[in-house]
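We call the chains A, B, C and D, going by the order they appear; numbering starts again at 1 in every chain.
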């Protein structure tokens, strides 16, 4: 697998309680260990935690930002992309990702869940919106990333 | 109420069964009778039905299109806005609307429901996604538009 | 000609000296007299002037706004579309217009001139950027709108 | 300088004659030698050449794509970002870049030149659009990158 070409997108809220932060951090670490690239919204909360976890394991992180300033990215984003599109950037995260993992999350995450399902992107939920049978449910960070990797492998044979 | 400044957004799928089409048409007629402007995604299905209903009552309709060609709008759109943003145009419909009515709907509608809730736009559901207590539930087209109008009036006093 | 389907886009700076404001106002009036719909960026300066001129003659005006608030539109915009895309909204004005008239203008206008030429939209200049032989040059507001109307007629036969 | 945080944007046409291709390739190599990250539109022509040159020197390349498919990126793009925004993605390249180098180029490049000037991004021209005194003119690839690096250093002290 060419790590720079396989993106796992992670979606979740920009603020979260410590236990969700810890889960997201573990998801990020697992993504990095699998040598996939992490793409997310680049801000705080779940987005920061997953980037932090990825960087702790030497992974690569991309942050698609709503604003016009790179410096709004959390400190664990390697490649910030300031779009100036506001919430409109949500669709870019979904488009760029090959598979997505939703972690908990609020209404912004719900818009991304809608886009993922609409665009036919495989979507794994770790305690996130339960709105479709097409969403793969995971109980742990490791299981979430494993499900995502299985989906990535399927895409390679298409 | 200045009809040209009050937008009721209607969101729903681009194809739908006849009974949903009829419901959407009635919603459009009620919006026009209330002298509000209709804004939607401008394509077929629920979008076409609601525009048709509005035009039957002399209303005004705006269609925010995903593609680059005005002619992809349904024939009941007065003012098509071809964006070339694909699904990314969903956020523009939500941003432009003062209140929204979701009619039935698929995953694209879900992304718009997420945006409406995220951006704090009042949202009425007529048999659409039941994902939040913040969504106002309606049983009939008339009730849906009445709920939307009540929300519009509240906005005038802000 | 179906007035609601033919858009003349006008591009120009959000602040301008009185003599340019007057020119733009006349362009707006001519557009309305020709029963075409005006589409522009919806803000001040040239955009306000052209909308004002159009409304004085009973025309219809659409404003594609950079921000998220309808109320940033100038008072002569009938149908504001708040995009939240910032300068990214420039491409939407060009995409939506059937033909464009550039009046004087700064760097934002230059980006729109580039898009118009790139997307093959007929472009008339009234004292604006002189960067291509494909741009039609006008000396007066009336001549600018006449050139635009001639281009619109050609499009009808395509 | 933190290489992952400093983006030099390169703008130019998606097809170009061999002599321009060679110039762009040298620009890419110089960017990589300076340990800056290259950001561009990710397609062919000048975009491919500059990515190729950067990769030959071990640099990092980001491609902000107009379409929805990562695979439309040229083979020298490390991190493709498929936006689905069409030409609307041009503003994202300009927003993301700290400084820009325009190489030759057509009308799409002109829209980006307009955005760069509008958004106050330092802009170096290597045989590209000569539309403003604010554009820094370069005669050679090395000089173009040196001018860009000088601008980057100024930004660090702001």
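The rule is short, and it goes like this: contacts are C-beta pairs under 8 Å (C-beta built on N, C-alpha and C of every residue); 3 or more make two chains touch, one makes a residue touch a chain.
Computed from a prediction, not measured in an experiment: that's the story for all the values here.
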item: Far-end chain from subunit D, centres as C-alpha averages; value: B
item: Contact-richer chain pair (by C-beta pairs counted) among C-D and A-C; value: C-D
item: For subunit A paired with subunit D, centre-to-centre distance based on mean C-alpha positions, whole Å; value: 27
item: Distance between the centres, which are taken as Cα means, of subunit D and subunit C, whole angstrom; value: 30
item: Chain centre separation (subunit A, subunit C; CA means) in Å; value: 41
item: Touching two or more other chains - residue numbers and ranges from subunit A; value: 68, 83-88, 91-92
item: Residue ranges of subunit C in contact with subunit D within the complex; value: 85-88, 90-92, 106-115, 117-119, 129, 131-132
item: Sites on subunit B touched by subunit C in the complex; value: 4-5, 37, 62, 64, 68, 70, 78-85, 91-92, 95-96
item: For the subunit C and subunit A complex, residues of the former touching the latter; value: 68, 83-88
